[in-house]
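Following this line, the structures themselves.
Presented sequentially are two complexes of chain A, the first with chain B as partner and the second with chain C.
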Partner chain A sequence: MTGLRSWLLRRLLLGAGQTAAVVLLVFALTEALPGDAAVALAGDQPDPARIAALREAMHLDRPAAERFGAWAAGLLHGDLGSSLVSGRPVSSYLADGFGPTLLLAALTLLLLVPLAGGLGVLAARYEGRLVDRLISAVTLAVYAVPEFAFGVLLVTVVALHLGWLPPTAVGYGGELLAHPAVLVLPVLVLLSRPVCSLARLVRAGMIDALAAPYIAHARRYGIPGVRIRYAHALPNALAPAAQQLARTVDWLLCGVIVVEALFVIPGLGTVLMNAVAERDVPVLQGLAVVFAGTAVVLNLAADTVVFRCTPRAGVVA
Partner chain B sequence: MGEAHAVTANTENETARIQDLRVEVGGRALVDGVSLRLAPGRITALIGASGSGKTTTGRALLHEYPPGATVTGEVRVPDALVGYVPQDPATVLNPARPVAALLQDIARTQVRHLPRRARRPAVRERVLRALARARIPDGDTLLHRYPHQLSGGQQQRMVLAQALLTGAGTLVADEPTTGQDALTKQQIARQLAAVARQGIAVLLLSHDLEVVRSLADEVHVLCAGRIVESGPPEQLWRSPRHSWTRALLTRTEPAEPAEPAGIAAPPRDTVLQVRGLTARHGTSPVLHVPELRLPPGCSAVMGRSGSGKTTLARCLAGLHRTYDGQVLLDGAVLPRSLRDRTREQLAAVQYVFQDARAAFDAHRPVLDQVARSAIRLRHRPRPQATADAERTLRSLGLAGDLVRRTPAELSGGELQRAALARALLARPRVLICDEITSGLDTVTRRSLLTHLDGLLRADPDLSLVLITHGRDTAALATDLAVLDAGRLVEQGPADRLRTAPRHALTAALLQTAPDPRSLPDGPVPHR
Partner chain C sequence: MTRRGPGRAGRWACALAILAVPLLLALFGPLFAGEPGPHAASFTAGGGHLAGTDFVGRDVWRQVLLGGRPVVVAALAATALAYAVALPLGLFSALTHRRWLDELLMRPLDVLLAVPSLLLILLVAAVIRPGAAGIALLVALVNIPDAARAVRAAAAEAASRPVVEALRMQGESWARTALGHVARSALRTLAADAGVRLTGVLYLVATAAFLGVGAAPDAADWAVMVDRNRTGMFVQPWAVALPALLIVALTMGTNLLFDAALTGRARGARAAREPRPDHPPADDPYPGPSRWEKPTP
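And then the complex of A and B:
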């Protein structure tokens, strides 16, 4: 197991480097955007003198390298800095946005894993028969629909025409959990495509595994079918699905901007949108750190699962 | 055929019986009127060339047939339990689970009658007992390993333990010794003898005649799906009645050392030379060869599985590049890696792999793939290259329409000859053959060896390096090198090593026949 441990350590160091690179890139890209926080704050009738004053107040007149250096030094002490626009600490922005995002992600995951796994195993069990063709056709069709289109469709039909559920989370503020009806449509939209891609991956892996000689061998010795499917075949089908699941979780935690905007949920995606609009560089950088860190940790977790499921493959740093 | 081959007169004393079995796929009979009886404690062997219907007959006991097969006749297994040890045990071990997983599940199906609390210790006890019966000494620690962490021998014993754990009265062992070295073969033979002593009927499917002769109580010779002859081994070997049996039993290796294959009185200079070679996998050294000279003609590198034979061959061919030292061809140093070798150097050293099927692209005709080496390595235009390829293939007995098909339609022996042809089209100076005969049955192997001998005679400039653990393959060689655990233990002219080996392993590899009852050539005693 020392091999695994040193591999983990190497991967974590590499991940820290990747996070730093992402942060540097985000900083460079926001610098490259036309306009800055001062211009955004100055409003519709920009007065050059006012912009200059704002710039000086925000220290935007200092060279980019110096500003980045000061911010990076703060980061090493755990200080993400504070917003250029409101002066609030960046960590409070992140904390506010993280609650709703985490809630949505957790709910989606809770439903996603059993649903996708079950559908995949079911389709593989009846490979080529009606059940399989039905599952395969429906998952392919749903996967082809972009989430904004699916979201708009759901809002129009279920919320506006039928009036069964509220169309957006406007007015519910931070206490989404107290109003579960608000969450149904967003979670449905978030589920739609990941369920399809995961179910198809599990199905493909299960079909391969069920056709393998070691499964025939287990059947030969009278092992019950359920046990064969879930205890002997499924572990072989998990490796590709685990990678895809990590990508999905990453997307759920860092990038459901469209869904948050559509349903007006005050999560991290919304914080990101506002920060870009206001050229609020410290908030953007704080988000970049969080997103990059999440991506590194999740991929590492997925690779560890894959390592467990395909012990033969060994580890590649 | 269809006549019953009575093994024992006593009907009660049998664990399984096959009566007039006929298995037909697409109008072609794979097995045609085979009858067998398996009795407890007896080893029944089915011998015959690849494709003679051995595996189909063995699998019939498990009620498993090829897809689309029409089956007539009767297969009766009173206790419905048959254990199976396939040719490659690794394929039936789940790569994603520790080996304990299936063993425990098998045991769990047997303890359902016990109260819930007693089940877990009962499962454990049964698993450990099965491991002991399969002669796995430190089974407790091996249980938590994944299949790839076990050696080939341990894998085979684990699969055997599964069979014993089911309580099966019958065991089908499919080519258990194929591709193993002489010493491992002995261990497997002893293992099977021990299983039979536990009162289990063993059906041994094999083309390994030495093992069959020393182990079996009853031998059936299969030819094209029919049993052409049956009887106790000593009778069969002494007076084979059927011409096919005679062809099969003809000793492969000549009684006296082979006439020097190929060139008459070759000058004792060196084609390939290895100097101070230490090869590593990762950082750990796996092979150390201070000095090795391979003369023109045919040399063989021998050793047990895992002794470093293939690593040496891969160093010579430029496929393994983490080594110190030098490999010289005709006195000139060869670059370590294939990538650094010139086209001429690439063409000069050609490699034929053990698994011919894996060495061909499954989707292109064999002829195109064979012609490719002449196009790539000798810049022959395509029409000439194809003509060359056809000529070479024909000289190896592969003619006409066959070579225009995809690899799937060729047999293992045919593909191996096609792989030889592909290597020969590069006009190599040295042809390295890595265990190219070990997966083949006796008849096919002998024909391939005849072809190799013919190559040497036809082209005095060609040298062969045979990587092998089989002495019948090594019989072709005029010069031998023996490796053990990554060290070169002996090297010299084949005659000298055969008559006066200095190292025990050389003697073992060149002379051992499996003799589980330590009675090498005597009559087989009855139990």
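And then the complex of A and C:
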């Protein structure tokens, strides 16, 4: 148990370091730019009054270190500042977009693990046969396709030609759960890449595990095939897939931004894209900290799962 | 992971067939694009236009011919740039005997790995609107941590061989040891990694352009076309479907091609990247005793 505890401590320290570095990075990227940030933010037609207002709002007369200190102290108290455009607090922006994004992410994660695991096990069970080749070919092909291109094609065929599902979430507002039909295509698009990569890893791990001597031994004992597959082989096959989960988190966070833009879902991704378009730095910073913080926490969780499953894998910490 | 002989040729043919259309369009399309015609009405089908008109009444087919090159060029440039930085970084880190230097070089990259890649690009893009060169630079930057880790892992395996120790004792220069031996023996693994990275970079470049980052809103770029023509999807689906299909073919084909090319070597490459005591790398000249291969009584 001490191994786990000391590993967990080191991993938590790395997570804390990552969080601190991310906060610093977000600030450095958005504010400590060469030149005058206010001029850069004022846009293509700089208006002197707007530049002056931006300088005032961002306290650009103070040194960068002091501004960072004030911002970071605010973060610690849960105060993310307020928007340069509307003056509303950033936390209200977050609260607006939180619901739809959480719904999308939760649904995707809920479906991701059984779907990817099932496909991987199915392909490994019929290795080399038609089912396996079909699953392998499709997962390999879809794996690299950007969500927006895949999504647009899906919308064109399923929503416009066949008319089975609504093409976007326009007109449904925040009540997505009341209209499940709206969610089908976004979740499908969001699932496309992670399912493919995880299923491939589960398949490869399962094939390796099924070829291992302990499985042959279990067969000689006469243990039923179902029990061998799910109780003995699968836990070992999941280790490489669990390691890929961390990468999947990155894809899901990127995917959420794209899918929300594509299907016009008023979530955090849409808030982020609006802030990018309006160069609303405080909103951007707040969202970036939330997104990156989520990534750090989920990475940590994925690593912990891997470590618990396979202590010999030696996860970095 | 057994591959059948006849399947391999089929996989090559399939990958090449899918990749050929978008790649040829991207390479040679601009040569056949011709002069821009007068703007017609927005989102019309037919009327002398092969694939109708787009959101400002330009010929969709002409835009398609022009729009592949920026995506492909930016992706290739970004991949090359990422390796230009990652290769020396990873090699240096793998070859140094000073552990603190290794940590100093690689640890900061671990931190960068935690930030979602698209988020990093969007953050920078919000403040300094990057052009085509800017987005290639940004995507390269985002890919450096992962690439450097891959280079380091591949090189560390080669650097631990007795040959390297012998070269070092002979007083060979660092460059000769690093480039002449370590980099060369890691080349296969790196080629596999570069293939994976190129598909990832294509994804990022196209997605960024779709989100309106790194390309002008009226640029001839497949991803931008998908985004801007979405408003007319009901009346003129081809203006969206055609570039979307080409992007799908481009990314899918690249992935399939690299997979087909590396199928035979994947085993060795994966073993080299995650050396495990019970799975010695396939090309390891000094494989230790393996507990899988114990003679059964």
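Everything below uses one rule, namely that the second predicted complex is superposed on the first by the 274 of 317 C-alpha atoms of A that agree within 3 Å, B and C clash if a C-alpha of one lies under 4 Å from a C-alpha of the other, contacts with A are read in each partner's own complex, and residues count from 1 in each chain.
As a convention for this text, a residue touches a chain if its C-beta (ideal position, glycine included) is under 8 Å from a C-beta of that chain, and two chains touch if they have at least 3 such contacts.
Keep in mind that what you see is a predicted model, and the values were worked out from it rather than measured.
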A:Leu165 in the overlay: touching chain B, chain C, both, or neither? Say first, second, both or neither. neither
Between chain B and chain C, whom does A:Ala52 touch in the aligned arrangement: first, second, both, or neither? neither
With both complexes superposed on chain A, which partner does A:Pro213 reach: first (chain B), second (chain C), both or neither? both
Touching A:Pro235, do we find chain B (first), chain C (second), both, or neither? first
On the superposed three-chain arrangement, identify whether chain B or chain C touches more chain A residues. C
Figure out whether A:Arg227 sits in contact with chain B (first) or chain C (second), or with both, or with neither. first
Quick one: is A:Gln18 in contact with chain B, with chain C, with both, or with neither? Answer first, second, both or neither. second
According to the stated criteria, A:Leu102 is in contact with first (chain B), second (chain C), both, or neither; which is it? neither
So in the superposed three-chain picture, is A:Val131 touching just chain B, just chain C, both, or none of them (first/second/both/neither)? neither
Just which bits of chain A does chain B share with chain C as contact spots? 213
Footprint of chain C on chain A - complex, ascending: 14, 17-18, 21-22, 25-26, 29-30, 33, 37, 40-41, 127-128, 140-150, 152-153, 155-156, 160, 167, 204, 207, 213, 249-250, 253-254, 257-258, 261, 272-273, 275-277, 279, 281, 284, 288, 291-292, 295-296, 299, 316
Counting only contacts in the complex, chain B reaches chain A at residues 62, 64, 84, 86, 91-97, 101-102, 105-106, 109, 146, 148-149, 159, 162, 166
Interfacial residue positions of chain A with respect to chain B in the complex: 212-218, 220-224, 227, 231-232, 235-236, 238, 309-312
Which residues of chain C touch chain A in the complex? 1-2, 4, 108, 110-112, 114-120, 122-128, 199-200, 202-203, 206-207, 210-213, 223, 226-227, 230, 233-234, 237, 240-241, 244-245, 247-248, 251-252, 254-256, 259, 292
